[in-house]
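Multiple structures follow.
Next, two complexes with subunit A in common: one pairs it with subunit B, the other with subunit C.
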Partner chain A sequence: MQVDHQLIVQYLRRWQVARADELAAEVENCAGAGLSDQLQLALAAEKAYMPVSPALAENRAMVRTLMGYSADLMERTLYLGADRLPAALFCLDAMSERAQVMTILESLAVWGQDRKLPADRPDSLLTALEQMIPSVMVRGVGVLGEVLESLLAGDTVLFVEGLPSALIMPTDGPPGRQPDEPLTEPVVRGPKDGFTETVSDNVALIRRRMRDDRLRVERLTLGERSRTRVVLLYLMGIATPELVQEVRTRVGRIQIDAVLGSGYIEEMVEDDPLTIFPLLKVTERPDVVTAGLLEGKVALLVDGTPHAVLMPSTLVAEMQSAEDYYHRWPISSFVRSLRYLYLLIAFLGPSIYVAVTTFHQELIPTNLLITLIAAREGVPFPAVLEALMMELTMEALREAGVRLPKVVGQAVSIVGALVIGESAVQAGLVSPVMVIVVALTAISSFIIPLYAMSLAVRVLRFVLMILAGTFGFFGIVVGLMALFVHLSSLRSFGVPYLSPIVPPTGGDQRDVFVRAPWWAMRRRPQFMPAVDHPRGGQGNRPSRPSAGKRGGTP
Partner chain B sequence: MRRAIALLLLLPLLTGCWSRRELNDTALVIALGIDLVEEGVYEVTLAVAGSGAAGGGKGQQGGESLPSRIVVSGQGRSFAGVLRDIELRLPRRINLTHTLIVVVGERLAEQGLGNTLDFILRAPEFRLQGNIMMVRGGSVRTLLETEPIMESLQTKALSEIAHARVGLEMRLWEFFSARATTYRTPMLPVVDLIQNPDTGPEGQRYAAKLGGAVLLRNDRVIEYLDAREVRAIKWLRGHGREGVLTVPCGEEPGQEDVSFHILQAGRRIRPTLQGGRPAFTVSLTGRLRVTEIQCTRPLMQHEVHEQLVRRAEEELHNLIVRVIEKLQAAEADPLSFGEQVRALYPAVWRQLGERRWGETWRETPVTVSVDLRLQTTGLMSNPL
Partner chain C sequence: MTIRISGGLYASVLIVTEFIMQYMMLPRVLLENAGQEAWMIVLLVGLYSLAVASAVVWVACRFPDRDPLRAIRCAIGPWATLPIVLIYAAFNLLTYSLSLHDVQTFTSILILPDTPAWVLAAIMALLAMYIVHQGMEPIARTAYGVLVPIIAVLLFLPLAMVREIRILQVDPFLWKGLGGVVTGAWMALPWAGQTIIVLSLIRHLSPRVNPYKWTLIGVGGSHLALAVFVLLISLTFGSLLPARLLYPEYEMFAIIALTESIERIQAVIMLLWLCGSLVSITVYLFTVVEEAALALGTHRRGWINFIAGAAGVVFAQTLEGGLHRRNIAREPWWIILHIAAAWSVVILLALFTLLIRWRQGARTSV
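On to the complex of A and B.
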């Protein structure tokens, strides 16, 4: 400890900045005792300006001190070359891949034993060392701040006596998991890999699908403390430079201490911060991101989140599943229209039930009405209250199902559903029809492929239910009007949220409520501000092999 | 967002016809009957759906299940007054929006409906798709109390029978629109209360049967039509399908019969002018299927089935001619013959005067032609 203090003082004096002298004096004052927190923070604040010292011991002392003698900081002293030049290797335990570090160590300590190193000329020394190190990349860095940043990212750092820069070797391999099937967006047909928490793996998953040199990958670091890696992806020549610049500006504007998930960024780059609708598409699937890039969208990958953010997004995009593009088009079209139908049910189901049964009984067919009356006989609550209660219970069950440990989760949700559904009816608290309506609504809300959208629908449903309970259909209509006014005012990176339905663009309708066959989708969406629209040739439509001849022969 | 909220806040300021009525506070009237008790005193009977009416459903666990319907009636000088009187007795609010059937008592129809039905047209909750009919052979209340077969509700049963198109179906709007003119004669289908022939609920004496129809003039019954005549009327109204024609099948008409099911029926009524007077050509077409044959004649032979079809044509022709004669004799035109003249020959119509259409109609020549074809003999060709 004592030795380190001296070295720190020595280093700071060598650095020769006004602030450094002050700090050196303070370190000297500590004499013997550990450095105070304030002093450590003061040192850390200056790290971006601290040069790497040619004296190895000073660098070691500084790195140790700045890292606060962290328990997972690994240090290895070695002597390089025939001249036995002292050097030190730093890495963070488990953040860097041990095998890689071992290879580097091996070549430095064992294979470089006999080599003569030009210790007196730093430039040639750097080149000579670069030749020796078996790493995909070696980078010389002259500032301690950068050294620490690399170290914290899992890279290996090599300090050499007499060299005023550190060598950085990327060995990062923090614990991560293999690409797994996306949990929230499973498909029957289509790729089964999903993003992981490691951003570099995620980029690779996209690269694998898009072997295009025009795929641009830009790295940013966000979060003053978390230093989270954020990767911006777009296809040059398809995405407009204006959009990319806008994304860069909006993301660059963010000032936050830590980014622990893509949701942090999402909320800070949206066009309308007060809406309930997801203005950016969040997905776990690399194929969805790739398809988005091909439409001219920009993707954002955040380290530590297995969810990519695609921007701009539209309501229609939120209702599409990756599978729509893998199944045959008539089936996809059917499923898609079904999805919009059930979106309406998920949204309006309970409200329409409440409005019709309490305000507009004349709209129900007589036989059904008689059944409904019989079912509601003895239920002590008005229909609105009944609906609200049941829907809230349903939401609670769903939330509990997510929150509960997996082992008990399923059991509890089944028991909850059975007990509440069955017993509430038996006890006469709730009419059986209401249970059916609630169940249908719940099922419908799960048909919405993207979770964020389904959440928005769920919440708005309650507003509509209250409106329906107080004003009947009149309330529902006014609520829907308000909703449409809101929806049409939404933009996502300048793209109207309801496009291509409103404003309508002719060619894009083939990918809204239906999914036209691939040979018919010859252009990228026109509502997107893309540079280049054509995407396929004219002659993709297959024809029957001998159709032409058969008609001609007599 | 702000605009959306502003829109919502404006909601309570708007006017509209809305008011909350919970289902459990509703007495759902499914049939309404009116009859005359004595001069100027009406009896209004309501059939209210009870919770037992939901067939199959368990409804409430335990406890006595409520009856499928509750029949309540009251007497008074006006419809609205009686309704109010009944409402005071019921624990729930009367809901008339689902009145499927309006039943008029025989006595009321004989004495004249007058303005008893005014309420039905005036009340906004009434829907005019309901059926209207007249009950014969018993009181309105008896009909509504009769337990139906195979349905949980008498009214439902009645409207099902009416919809089945075996009998005459008269919707409220149709009745009222005929009543609003001077030249179209309103008709009321007749439901007969008969001695219960079927296996029905224990101790039930009556069953309802859709029978003939009555013709009204000035809201008063002027003529009865029997079930056969109603069939002719139906055919002329364009609902000739689903009927059965039965004619003798022997070489000489005898005891044995052949029955034809009418698969397809068409009718065409064309008005023409004969010397400034309207005349009508009624041509009926139809396709038949043999449903039953009681004698053993080779149907596959052209002459045989041709003969049988001719007989059917003749039978139908006679029926139609007889009915039209009967209508003309009564100066009743329930089939909108007059309407055709009005539409095609407005000048003649004006000259004739629509108020005197009845008299003109009496003298109007009507030519009837019938063309039937045998389409199939059923699954068998010649009888065994």
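On to the complex of A and C.
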């Protein structure tokens, strides 16, 4: 790596700071050789204080050095205006959108060729350049640390000879994909677009649904090394300032080297770190985030992940599907109540089977008992072991289905389930009833709309199975009690996790086990700490035309 | 941040604690003594319960945060609270042990006959310790969660029992005379005095809530519910048969058959009762831990919770259920011990309240 030591030393000496002089001395000691890793790290540690030099060559050398002569660092030398003022344009390959960079280049090198630039007056030069550059925003920065941060985010940087600041032009366009239907939250009726990995696109997807000037968007940067862009969204006048401030405080507390997904943040801002339940709602759907904002929640979007985080969340919110609000309310209510029923089956199905067949046979009607005994005849394992074996196999199949390529995954899941189930029954290792129970449980767990909740139920099911196999219904009761107490003690940003079921709030029951019609949901949830509760007028309920108008004139 | 509970949650705790445990254990004793008029005893001792609870609430309302013990400790000194806390904690530890023993006996007879009873007690104690560790709010919420299905059962029960009820079972009225009712009421007094636990509950009640109203709902509701159950037992079985049954309520649910296939409904009810009992056990342990921590002036309750929880398990097994036998026998000294414990706490609280008032008055006059 060819390093121009002289320029670096020159830059550091110009800075006139004791630490810079020390660094300059160290660079001089490396004469002829490349800079050591230690020295490069020492230079990087000071970048937040390094001023942009008026000498273009020094700035170029410093940017190259601080970026470690990175292979994707693109540099273009330019001569601006009629006086051919030397300048250099920097951007990162693929992180910057090439078409935008080309437009800027074209403007500077071709259209501004005959323009007279005031090279001797930096302020005027800066203004003139700002006018020349066809970018939605141009800002001047005077510190190399900020220059590098922008460069790494995909922006384009322009250094000009004699100008002690750099011009930053937002051209970030990292590789991304088009908004597509969310894989984990598909709907039959409703919007089909989902978040992508690009945070700015995700903000636009929400803006598109909420054309309200009171939608506040705050940008934060997290991760000492990843410098991940995080966007905090809330609706001013609906979300309480206390909640927004609490979110800001908790997010601001995060000290980590990199944030590669919303899961990193989720684990560091939730109220109880030792719970298996999701205390924040994670979604890929912009309509869900928008609905959450309208309920007074705060959303966090993280660059690089299509998963937004909504806070606070409740158990009930985890059981709501976006589709509930797009179908007619009686259908949605029916489906939602079924969902709660199947949640119980997914959670308790195998444990009740194990408890009844092992300890409480007297509870089974005689005819059914005879059938069960006949089915279990010859099975060498106790029911609990049988259930655990089958459930573990089912979990393995499900996990294999997720990890394998899509084309193979489905085949493996189906063939595995059919073949293993059939073979296990034929070999007399498990009873056919157990296969039915496990299959029903697996189907029930797929009905839970959010994946994080379904994972929690899957794990707890094993605990309950062991308790049922050891102590029968007594074990199940003890397990459920402990679980209920745990759920009662949970809070998400101060909101009780079991709200609005326990403690019950009358009006909020309209959107819990059933979904009331839209015209009846005139208020935002009462349990949410929202500023403004009314959300609809009283006259929304549709009615038939009055008798006078019926069959009237066209 | 201190989390306060609403009036509804407070009443739920009182109803579940007072009603659930006695639902299984008390009716047999009452029916044996008062015959078919046993339901009257429940209403009668309800007045006594209310007197105990109201006295405590009245004293508590004189102090900031409705916390008389803390106020006495600050105003007079730690020594002053010591006798109150000792009596109160010992009384509740005894109740906790007896409750633990009742539930372990019931569970080992009807649900898990092959499992050693002490194992069941240990599991229940562990659960109670966990819940106590979580604090008052989860306890109250769990009590509420148990109470809702109990109310559903209460509403459904008379309908399901219609075919079994014989109105003539009440005849002859006052078969064992007023003496029987009074004897039965005397026997029930140890249970009725357990409403003294409001001393530990009321400080967690939201300051915006009227404590008298919700204490009345809680204590009154529990006695009313129990009276209904006892009356239904009398109307179904009379009084001779259930007085000889170990768990007459269990038998009452056993005869309900909705259809030919849904006939073992008592199992579901027993699970509900088990949940309520666990809440009840937890509340007693909570009162012990809470007041012991206050007396010792410590915020680290973990070890107090563990010691009290484990002590309850040991006491429940002591002398092969010797404590339990005394509780069933309801000997006079046993009953007097309970009444004395409850009222000595109330009287001591009142005395120290007067002392504080007197001191404040003296200081003001100076």
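Rule of thumb we're sticking to: the second predicted complex is superposed on the first by the 543 of 554 C-alpha atoms of A that agree within 3 Å, B and C clash if a C-alpha of one lies under 4 Å from a C-alpha of the other, contacts with A are read in each partner's own complex, and residues count from 1 in each chain.
In this text, contacts are C-beta pairs under 8 Å (C-beta built on N, C-alpha and C of every residue); 3 or more make two chains touch, one makes a residue touch a chain.
Remember, it's a predicted structure, so these values are computed and weren't measured experimentally.
Put the two structures on top of each other at subunit A: do subunit B and subunit C fit, or clash?
clash
Using the touch definition from the top, say if A:Asp272 reaches subunit B (first), subunit C (second), both or neither.
first
Could you say whether A:Leu369 touches subunit B, subunit C, both of them, or neither, answering first, second, both or neither?
After superposition on chain A, A:Leu369 lies in contact with subunit B alone.
If we overlay the two complexes on their shared chain A, which of subunit B and subunit C does A:Val485 touch? Say first, second, both or neither.
Both: A:Val485 reaches subunit B and subunit C.
Once the structures are superposed on A, label A:Arg177 by its partner contacts, choosing first (subunit B), second (subunit C), both or neither.
In the superposed model, A:Arg177 contacts neither subunit B nor subunit C.
Check the residue A:Val477 against both partner chains and state whether it touches subunit B (first), subunit C (second), both, or neither.
In the superposition, A:Val477 touches subunit C alone.
Applying the document's definition of touch, where does A:Arg328 land relative to subunit B and subunit C: first, second, both, or neither?
In the superposition, A:Arg328 touches no partner, neither subunit B nor subunit C.
By residue count, which of the two partners contacts subunit A more extensively, subunit B or subunit C?
Answer, by number of touched residues of subunit A: B.
Determine, under the contact definition given at the top, whether A:Val379 touches first (subunit B), second (subunit C), both, or neither.
In the superposition, A:Val379 contacts subunit B only.
Taking the superposition on A as described, I'd like to know which of subunit B and subunit C A:Pro503 touches: first, second, both or neither.
In the superposition, A:Pro503 touches subunit C alone.
Contacts for A:Thr358 in the overlay, against subunit B (first) and subunit C (second): which applies, first, second, both or neither?
After superposing on A, A:Thr358 lies in contact with subunit B but is clear of subunit C.
Is there a shared patch on subunit A that both subunit B and subunit C touch, and which residues make it up?
359, 362, 471-472, 474, 478, 481-482, 485-486, 489
Over in the complex, which subunit A residues touch subunit B? Could you list them?
Counting only subunit A, the residues touching subunit B are 272, 274-275, 357-359, 361-362, 366-367, 369-379, 382-383, 426, 428, 467, 469, 471-472, 474-475, 478-479, 481-483, 485-486, 489.
In the complex formed with subunit A, which residues of subunit B make contact?
Residues of subunit B touching subunit A: 1, 3-5, 7-8, 11, 14, 16, 18-24, 26, 28, 30, 49, 51-54, 57, 59-61, 66, 95, 97-98, 100, 125, 127, 153, 156.
Which residues of subunit A touch subunit C once you look at their complex with the stated criterion?
Interface residues on the subunit A side: 359-360, 362-363, 365, 471-474, 477-478, 480-482, 484-486, 488-489, 498, 502-503.
So in the complex, the part of subunit C that touches subunit A is made up of which residues?
6, 8-9, 107, 111-112, 115, 120, 123-124, 127, 130-131, 134-135, 137-139, 141-142, 144-145, 261, 263-264, 267, 271, 274-275, 278-279
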